[in-house]
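Each of the next two complexes has subunit A plus one other chain: subunit B in the first, subunit C in the second.
Coming up: the complex of A and B.
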C-alpha cells in the first residue's frame, strides 16, 4: 500500500469521471439528461483544477460553468423544448463526422502532451517538494494593471476589465431602449394624446 | 491509576503507530471518514436541532401551540417523531417523471449544501479547524452554495408537474439573481483584509469586538445588513420563500416528493442556512474570536503562558506528557469553535424570527428588492469601503484599529503599484495639490504613502 501515489490516484479518478460523463452526454438521447451529465463532467474537471493547485480556476469553473452557464442552459432547454425536441437522435453521418473531428483533436492533444518531457512520468521527489503558491494575489494585482511575474512592466488585464464593464453598460442601454414603452396617464389620455408631428392613424 | 492510563495510552499510541501510521491507505481512509462524518453530522444534527427550534420559535412568536403532544422536556422528541414519520412514509413518484433525475435531484441539493462546509473553518490560529484549507476559501464557498439551485431545477423539471416547474423556475430566478449582491457584499471584507482565505479573514479580527469588520467603517456596517438580506433570499427563507409559497403554488419544486427524498431538500435548506450564517460570522462578526479576547487572557492561544503551564503540569502529574501547550491550544480552538457556532446559531434564530414575523413578498417585489435596492446599495458600499480604506487604512468606527497581525494588504498593494509608477516618472502640479489635500485629511498616514497613492491614481489609468 506504500506505493500508491495519491495525487495520481485522484487525477485518474477525476479524469475518468470527467471523460465518462462526457461520453454519457454523447450517448444520452434525452436533452435534459445530456445537460445533467455535462454538469457532472464539468464539475469533475473542476476537481482536476483543485488537484493541480489552481484553486481559483477551480472555483471559477464551479461558479461560471456549473453554477451559471448550465443553469441558463437548462432554463433554455426547459423553456424551448417541445415534445419532438426532447428526445434527440444522432444521424449516422453526424456520428462519422464527430468521430473524425474528436479523434483528430485527441491525437493532437496526446501528441503535444507526450512531447513535453516533464509530463512523461511522475518525479515523486520533485512533486513532494513542490509547494502550491497562492494564486489569488498575482491575479488581483493583474486586475489592477500590475504584473508580478516579472515578464513586463505593465499588465493589460485592467483594460479588458474596463472593456467588459463598458459592454455591460451597452447591454443595459440596449435593453432599456428595446423594451416595450409604458405610457403614463389614464387609458383615455393615451388614446387621445397624439405626439406633435406624428401622422394620425386613420 | 496514572500508570494504568499511561499504559493504555502507550498501547493505543503504539497500535496507532504500527497499524494506522505505517499504512498510508488505512490512515488516509480513516482521516477521510472522520472528516466526512463530522461534516455530515454538522448538517444532519444541525437540521435536527433547527427544526425543533423553528417549531418552538414559531410557537412563541405566532402564539401557536408548538410541540405539545410529544414527550420530552420542551418537546425535544418532536424532531425524532418527524424523522420517524418521514422515514416510514411511502416513496411516491409520478408516472410521467424522469425516473433517474427525479431520484438524483435531492442528493444533488444535499451534496451541494454539504460541500460548502469543506472550506468553512471553525477555529483559526496556526492550525485551523477546517476540512480543506482552500486558498480562496470564500470564493469556493460562494461557488458551491450556488450549485444547490441545480438540484432544485432538476427536481422541478423531472417531476412532470407544472406546479413543480413553476416553483423551480421561481427559485432558480431568485437564487441566481441574489448571488450578484451576495457576492458583492462578500467582496467588501475581502477588500479590507486583502485575502480570500477565510482563516486569514477570521484571524485578522482578533482582539476586542471593535476589530470586527462590521465595525470597521459605516459602509461595512450597512453591507452586513445587505448581506443578511441577500443570504436570507439566496437560501430561500421567508419573506423570500415564494418558490414554496403554499398560498399560490401547491408546494413549489418539491410538490411531488414525499418521505425521505423530501426531507433531503429540507436538510439541504437548513444546512445552507447554517453555512451562510457561518459565513456572515466569519466575514463580519469576528469569526471564532469572541467579543472580548478571553482566549488570550486565559493564555490558550498556543504560546507558552501560565494556564498552558498549569495544564502541562497537571498532565505531567497524571503521567500524560502529551505536551501542555498543544492541549491548551486545543482548548482555545474549541472555545473559538463554540464561539463561531454560537454566533451562527444566533443568525439562524434571527432568520426564523424574520420568517414568522414578516409577510411573504410577491415575485416582482422579490426581484425589485434584489435588482433595484440590494445590488446598487452593495455597489455603493463597496466604493465607500474602498474610499475609507484608501484614506483611513488604520482606523475603524471606534478609532484606531488594534489588529496585531494587520498587514493592510490592499493599501500596501496600492503603495507598491504607486512606487512603480513613481519610479518611472515625476509628478506634476495638479497631483501635488491633490497630495496636499489628502494628507490634511489623513493624519495617520505618512506623506510618502499619500504621494505614492495619488500617483497610482494619476498614473494607473
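Coming up: the complex of A and C.
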C-alpha cells in the first residue's frame, strides 16, 4: 500500500466542497442561502487554483470574487429581499427539463475530459520532481507586455489597458443606472409644498 | 488497473481531466441556475458559477503540474482567468445596477415579469 499523495487528498477535499456547494446553490430556493453557498463554493475553487500552481490567481479569486463580487451580490440580495422574493419556487416542469439537459451536458463533458490519455495525470515520481515556481513576477511582466516565460512575444499590454478602461466605464455606468430618482422641480418647490402635519416624502 | 481514471485516486497525482470534471459540474450547475431560477439575483449567481467553471479549465490547462508534456497554456491560462475574474466583477456591478433599477420600477425581481422589451 503506497502512502497517500497529499495534493490529491486536498484536491478531492476542495473538489467535493466546490461541487457540493455548487449543487446546493442550484437546489436551494432561499436566495440568502444561495448567496452563502456560492461564497463557500468559490472559496473552495480558490483552493483548487492553489493546488494547480496558480498562487496569484487563487489569491485574486479570494480577494476579487469572494471579497468583492459576492459582497456586491449580497448587497443586492439584502436590498431586494422582501418577504415574497426570498423564496421563489421553480415549476416542476422546469426542473425535469433542466435536469435532463444538465445531466446530458455533464455526461458529455465528463466523457470528453477523460477520453484523452494525456489529461489523466502524470505518475507520482515525475510529479515529485517538479519544482514549484512563484507566478507573480512572470504574470506582472506578461501584463506589462514583456514576457519572461517564453510565451508569445507581445504579452497582454493591450488587453490590460482595455480592461482598465472597461472597468472605468462599468463603474460610471453602474453608478448612472443605480442612481436614486430625484423628483423634478427646484429644491424650494419640493420643500415648501408639503402641507403642515403631512408625512415627509421618502 | 491504471487505465481506469478513478483508480489510485489518493496515491497518484490528479490530472487535467479531474479538474475539468469539477469545472463541468460547476458549469452545469450554473447553467441550470440561469435556466430555472426566477429571482434575477439567482440568475446572476448562476452566471458566476459558469464563469468559475470555465476558469478552472483555464487554470488546469495552464498548469504544468497536471500534465506530462510541456505543451500547456502556461501563464496564458492564468492571465486569461484573471481577465475572466475582472470581467465577472464588472458584469456583476452592471447587472446588479440593472436589477435594482428593475426592482425600483416594477417592485419585483421576477425575471418572468421583465417583458417590457417584448415586441
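Assorted remarks:
Quick note on the criterion: the second predicted complex is superposed on the first by the 143 of 202 C-alpha atoms of A that agree within 3 Å, B and C clash if a C-alpha of one lies under 4 Å from a C-alpha of the other, contacts with A are read in each partner's own complex, and residues count from 1 in each chain.
Going forward, a contact is a pair of C-beta atoms (placed from the backbone, for glycine too) under 8 Å apart; a residue touches a chain by one contact, two chains touch by 3 or more.
Note that the coordinates shown come from a computational prediction; the quantities given were computed from them, not determined experimentally.
Once chain A of one complex is fitted onto chain A of the other, the partner contacts of A:99 are limited to subunit C, with no touch recorded for subunit B. In the superposition on chain A, A:135 makes contact with both subunit B and subunit C.
With both structures placed on the common chain, the touch criterion links A:171 to subunit C but leaves subunit B unconnected. When the two complexes are overlaid on their common chain A, residue A:56 makes contact with subunit B and with subunit C alike. Of the two partner chains placed by the overlay, subunit B and subunit C both lie in contact with A:68. Once the two structures are overlaid, the count of subunit A residues touched is higher for C than for its counterpart among subunit B and subunit C.
Shared-chain residue A:45: touches subunit C; no touch with subunit B. Subunit A residues 2, 4, 56, 60, 68, 70, 75, 132, 135 lie at the interface with subunit B in one structure and with subunit C in the other. Interface residues of subunit C facing subunit A in the complex, by the touch rule stated above, are 5, 8-22, 24-33, 35-39, 41-42, 44-46, 48-49, 52, 55-56, 59-60, 62-69, 74-79, 81-83, 85-90, 92-94, 96-101, 103-104, 108-110. By the touch criterion given at the top, residues 23-26, 28, 98, 100-101, 104, 134-136, 139-140, 142-144, 146-147, 149-150, 153-154, 157-158, 165, 169, 172, 176, 179, 195-196, 409, 413, 416-417, 420, 424, 460 of subunit B touch subunit A in their complex. Contacts from subunit A toward subunit C in the complex involve residues 2-5, 7-9, 11-12, 15, 18-19, 22-23, 25-26, 31, 34-35, 38, 41-42, 45, 48-49, 52-54, 56-57, 60-61, 64-65, 68-70, 72-73, 75-77, 79-80, 85, 88-90, 94-95, 98-99, 101-103, 105-106, 109-110, 112-114, 116, 118-124, 126-127, 130, 132, 135, 138-139, 142-143, 147, 149-152, 156, 159, 163, 166-167, 170-171, 173-175, 177-178, 181.
Per the touch definition, subunit A reaches subunit B in the complex via residues 1-2, 4, 6, 30, 32-33, 36, 39, 50, 55-56, 58-60, 62-63, 66-68, 70-71, 74-75, 78, 132, 134-137, 140-141, 144-146, 153, 158.
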